[in-house]
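Reading through the structure tokens given below for one structure.
Residue numbering begins at 1 within each chain, and the chains themselves are lettered A, B, C and D in the order written.
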Amino acid sequence: MIIQCIFEGIVIGSILALISMGIALIWGVMNVLSFSQGEFLMIGMYLTFFFNKNLGLDPIISIPFTAVIMFALGVLVYKTLIRKALKGPILSQRLITFALSMVLVNGMLMLVTSEFRTIPKVIFTGTVDFGFLVISKEKLVPLMVSVLVTGALFLFMNKTNIGKAIRATSLNKDAEELVGIDTEFSYMLAFGIASAIAGTAGCVLSYYYYITPTVGTSFLLFGLIAVALGGFGSIFGAYIGGLLMGIVDVFAGVYFNTAFKYVAVCALFMLVVSFRPKGLFGK
Amino acid sequence: MKNYIEANSHFIIKFLASLLVAILLPLFIKTPFPLHVMILICIWAIMGMGWNFIGGYAGQVSNGHALFYGIGAYACGIGMKNFNASPWITMWVGVIISIGVAFVLGAPLLRLKGHYFALATMAIAECGRIIFLNWNYVGGATGVDFLNKAEPGWYTLQFTSKYPYYYIFLTFVVLILLLTKGLDKSKFGYYLRAIKANEDSAQSVGINTSRYKLLAFMLSAGVVSLAGSLYANYLQYIDPSIVMPLNVSMMICLVTVMGGIGTVIGPVIGAIVLTVISEYTRATFSSISGFDLFIYGALIIIIVLFLPNGLISLFRRKQKIRILTPLEMEERMR
Amino acid sequence: MNRKGKRIIRYLGISLFLIILAGGCAKDQELNQTDYSNNNKEPEINKEEETVKIGVLLPMSGAQSKAGQEVRAAMNMFVDIINENRNDIDIPLAQSEGLPNLGGKKIELVFGDLKSADTALSEAERLITSEGAVGICGLFSSANTKTAAVSTEKYGIPLMSEGTSPTLTEKGYQYFFRVFPDDTMYVEDSFKYLMELNETKQADIKTVAFISEDTEFGKNIANVEKKCAEKYGFEIVENITYSSNATNLISESLKLKKSDPDVVMMSSYISDVILYMKTFKQLNYKPKMIMGQRGGFMTSELFTALGEDAEGLCSTSAWSLDLQIPLVKQLGDLYKEEYSGGVEMIADVLKCSTDLYVLCLAINQAGSTDAEAIKEAMLNLEYPEEQLFIAGTGFEFNEVGQNTAATALICQIKDGKYRTVYPNSINAYEGLFPLPPWYEK
Amino acid sequence: MNSILEIKNATKKFGGLIANDNITFSVQEGEIVGLVGPNGAGKTTLFNSVSGAHSLTSGQVVFNGEDITKKKPYEICKLGVGRTFQIPQSLNEMSVFENVLVAALNRHGSISVAKEHTQKVIAMCGLASFIYMHAGNLNVMQKKRLEIARALATEPKLLLLDETMAGLSGVERKEAINLIQRIKISGITILMIEHVMEVVMNVSDRVVVLTSGRLLAEGTPEEVTQNQQVINAYLGGMTN
């Protein structure tokens, strides 16, 4: 039973990690708390559904397409809204993303009504039953994809010079400009990558989850907490934060009380933040 | 006192004029729906002003004030249902409980800065909602409805017509507005603004920043809980999903930012504009699903983008940055 | 932002704001001249209105807006049947135009948005006072029924709701009516069905588990289920409450799999039902029987989202397409072809539209839109037995507004459609027990 | 004259780095003490320890006979220690008047009394013409002057000045020296970190020299300039 809980916890944690990494990227680089990350996840799911229904693509195959479209959407949103908002007070940046999430949810609601859709058949189905541990192949997909995406993001941020530029921007924007790095480009890129990651999370999640305009909101709150748990702007910290959230979510539910499992998760967050005000890996 | 009036004459004239309008307006309204909107405006104005103390003046943006809103509502609900106590008493019990909770939570919370503080308050409000949802004494998910027609209106604060509700809520709005005006130019107000501007340098000039932040947090908790009690009596039925959801916390913060953060009448302006837009978009566009919230979100984006300092910047000329001529300096020195 | 730009925005903003305000007030004024200064007596709706307006509250946004649209279509169907002369349909008021006893006045629906429980209060009030509704019905949950009742009781307007919580009839509402059974009857029925399975098919069901979501809907049913389980002697192995906006339902499913009950009774909305079925499948766990308490089980999306995974799911219900009454098939087909764009009629949709239909019957029988007269007519509603299109023996409302003649039934999904399995008086189809596992080994 | 401030073997470590190593000296009431030393000698760290911005690893700070090592910045300020920051930390969204008013409120509860006091301090510091300007819009010299005004408004007994002369032109420097002398006359003891030797030598009564976290020498300006260790450690490069 415990092994099953650990496995399930890691799976849920890996999806939460995908969302919290996107938030950590935006938070770290632009110090903006993005409330619309949940909605990018939802749009990613609808894109996957669209590809699956009309072009018959399995969610995994549609990951690259969804990621590219979401990247473009992220850049568009950055150019139109976030860039202007960055000039205003910090608080209005957070409210812009909150209002944007309201617009996206209800816009999608008007477009495609709130009907619950699912992806009928996927390549990896069926379960492998070891008696004490049942591994469903559908659950392996989010695990693998999130490890791949984290690795890719880690390499990109540390190895490529564009990635280093983005990381440098998060440390000190003014020094950046003096050195001649175009911070606008880094911001746009960061926002684009974050929404692309959320889109990938959407593909992965639509593997076994239902799709409706309001699906993003519940993932958003726990993605935010996972980021704060992991630490200010540290992407690796967000990944660990996401995993931790998933495991605590399952264990609290099974061994404590299912109704109060989210109270346990919030209690963990309060505990960590009171001892380390900047989160586990925060600078 | 004389120079106080002379100094704030500008504010007093505007205040009395708008008060007159607020008092006379209901007499021209025939159907209760606009009156319902005005009552909501009062509620949101009180909440916005309450939140303004901690979010606006002290700069510690909290996204979890629905917790105190819920405590105030439940204090009245349970008071009426189980103890048959008049809301005039249970309202203040709710305020005291909220201040207590704010004091207990304030100490660990206020050590956090910026986004962390916002996320921590959001997590706590969500925990509060879940706890109230599964707590059978307070009716849990079935909520508390206290439609009690026995005692007369003034004792149970339950009336068939809307006018008494409106005028009672309006008096609360005026009282809290005057409280804010008083505190704005007081030591408390200056200290909070200093904390918001630069906490370290504020501390180096003798301000006990953690104590003042806690005071502001407790004051804002009390005022928001008051709004919760008033709204509970108007709605006469409460359950956790009405009084403690995440979007109520966000709306409280939105009302103040929209109006003009850290100003005296900012929250009131924000409450008026936002409530009117949200109620009327819902009433007129109710046929297409989701359209009214779509418009609402879009309007908020437009306002926040083009008027970053809030709607109040429309009505207030920017402070002139000028250097005093020597003559003015002489005259000021005397 | 130079000063001239700011001044333009200022005037633009104020004028826009005043237009919204004026538009809103004007819309209310001309629609309804009733004077509200002396507020405590009921609003006298002047008689020359050419149509009888009925307020309909539906969830327009959020997860339930699709169901809202289906209910709206069904209600339009009933309004057309009443307003036009449809002699091919053999139910009262069909063969006449409008309400004969009110001089042939037509029925007109006015709609409001049920975004959340507190908007129910203001929307109900808006429909009554600004739109002049003489009665309120719609797709209610128990929670928003209570807030809507605050308005309807205050203005003395009949409220028809299918919120199934038994507490609704204990509140002493004067003008509240419910055509179909409440939770207690549904849950009693599901346990009687289990008893019958034990007798006729030696299913020897002994243990039961309850999964209920943590809002009003789930909580009420959980309490009733506990009482009935003790009454009928079933052992409760698990009683799980889960948070309705959970990101995953794994811990709940694991606890269920560990306790492995004979029957799982589930009261959840559609999103959780889909998630549970998928999670059960991933854990390779198939309970012997899944008995849903309506909610998510009574939605058209259950079939589209789950496909053949939905086979064998049972649910309590007040109505089913395969009732052996010709009228049922006729109304079902009319709805499918002309109103819902090919979506099958499901129980919840019929229940809400029947509320509307019964309200019109009462108004017609009372011959006026006055609430007391409607209440009188409702309490002794005459309805010819052979023209019934719902289960049960007719419409007999007791003084608290519950239709005592309504009966519940149990149905099970077989090849993509709900088939009635209990009571077998309505020649039920042979139930399937226990359910086959997910993957044939 | 009794000593107003005694620093007893103050040590401050940031992880492995020893910023202050066992520093002991005292400041007498009413005098001006210059704290000099090359960059990175630990001068500002010492200031932060005295004013409570961060705690000492070991050692003790006594002010007017009261141990203030463990106290918080606002408590120390209330006791009578005003300080300025090396990089001006003014309250940028507030006007100059409000900046100083906030500091004046430290001693005077009522707003009106505090306002009068603020007027006097602003006039004394020569900021009267910028009274309604936002602190954020001031230039460096004005911001440094505002730092002094804010510290003065708290009516301190001891004033810690952190490089208030840096970046000032000839005329501005004279005004600053004049201001410091006026402060001294009003009976406030001054401990100031300064790089501008010309100012330190003819303004301060005594000079304390720090190098790489340790106390090198202490004495009147004349003694310090002759002290051989100081010359090769710090003044060696100067050819005057």
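Quick note on the criterion: a residue touches a chain if its C-beta (ideal position, glycine included) is under 8 Å from a C-beta of that chain, and two chains touch if they have at least 3 such contacts.
Since the model is a prediction, treat every value here as computed from it, not as a measurement.
> Quick one: remove chain B in your head and tell me the pieces the remaining chains form.
Contact components excluding chain B, positions unchanged: A, C | D.
> Compare the CA centroid of chain A with every other chain's and tell me the farthest one.
D
> Would you mind checking which chain's mean C-alpha position lies nearest the centre of all protein C-alpha atoms?
It is chain B that sits nearest the middle.
> Using mean C-alpha positions as chain centres, tell me how far chain A is from chain D in Å, no decimals.
About 49 Å separates the centre of chain A from that of chain D.
> Give, as an integer number of Å, the spacing between the C-alpha centres of chain C and chain B.
About 37 Å, centre to centre.
> Just curious, how far off is chain D from chain B if you go by their C-alpha centres, in Å?
Here the centre of chain D sits 43 Å away from the centre of chain B.
> Listing for chain C: what residues touch at least two other chains?
Touching at least two other chains: 61, 65, 69, 214, 241, 243.
> Taking each residue of chain A in turn, which ones touch at least two of the other chains?
In chain A, 106, 109, 113-114, 259, 262 touch at least two other chains.
> Provide the list of chain B residues touching at least two other chains, using ranges where the numbers run on.
Within chain B, residues 130, 133-134, 288-290, 293 contact more than one other chain.
> Draw the chains as points, connect those that touch, then say whether the picture is a line, ring, star, complete or other.
Graph shape, chains as nodes and touching pairs as edges: none of the named types, so other.
> Name the touching chain pairs, please: which are they?
In this structure, the chains touch in these pairs: A-B, A-C, B-C, B-D.
> State the interface residues of chain A toward chain C in the complex, per the touch definition above.
Against chain C, chain A makes touches at 1, 4-5, 8, 12, 16, 106, 109, 113-118, 120, 126-127, 129, 134, 136, 138-139, 208-210, 212, 214, 217-219, 222, 249-254, 258-259, 261-262.
> Given the complex with chain C, which residues does chain B contribute to the contact?
29-34, 36-37, 130, 133-134, 140-143, 145, 147, 160-163, 235-237, 239, 241-242, 273, 276-277, 279-280, 282-284, 286-290, 292-293, 306-307, 311, 313-315, 317
> Applying the document's contact rule, which stretches of chain C touch chain A when the two form their complex?
61-66, 69, 214, 240-243, 245-248, 250-252, 254-255, 258, 270-271, 274-275, 278, 281-285, 301, 304-307, 439
> Provide the residue numbers of chain C that touch chain B in the complex, in ascending order.
The contact residues of chain C facing chain B are 1, 3, 6, 9-10, 13, 17, 20-21, 23-25, 27-29, 32-36, 39-40, 60-61, 65, 68-69, 111-113, 115-119, 121-123, 125-126, 129-130, 142-143, 146-147, 149-150, 153-154, 165, 167, 171, 214-216, 218-220, 241, 243.
> Applying the document's contact rule, which stretches of chain A touch chain B when the two form their complex?
27, 31, 33, 81, 84-85, 87-92, 94-96, 98-103, 105-107, 109-110, 113-114, 213, 221, 224-225, 228, 232, 259-260, 262-263, 266-267, 269-270, 273-274, 277-279
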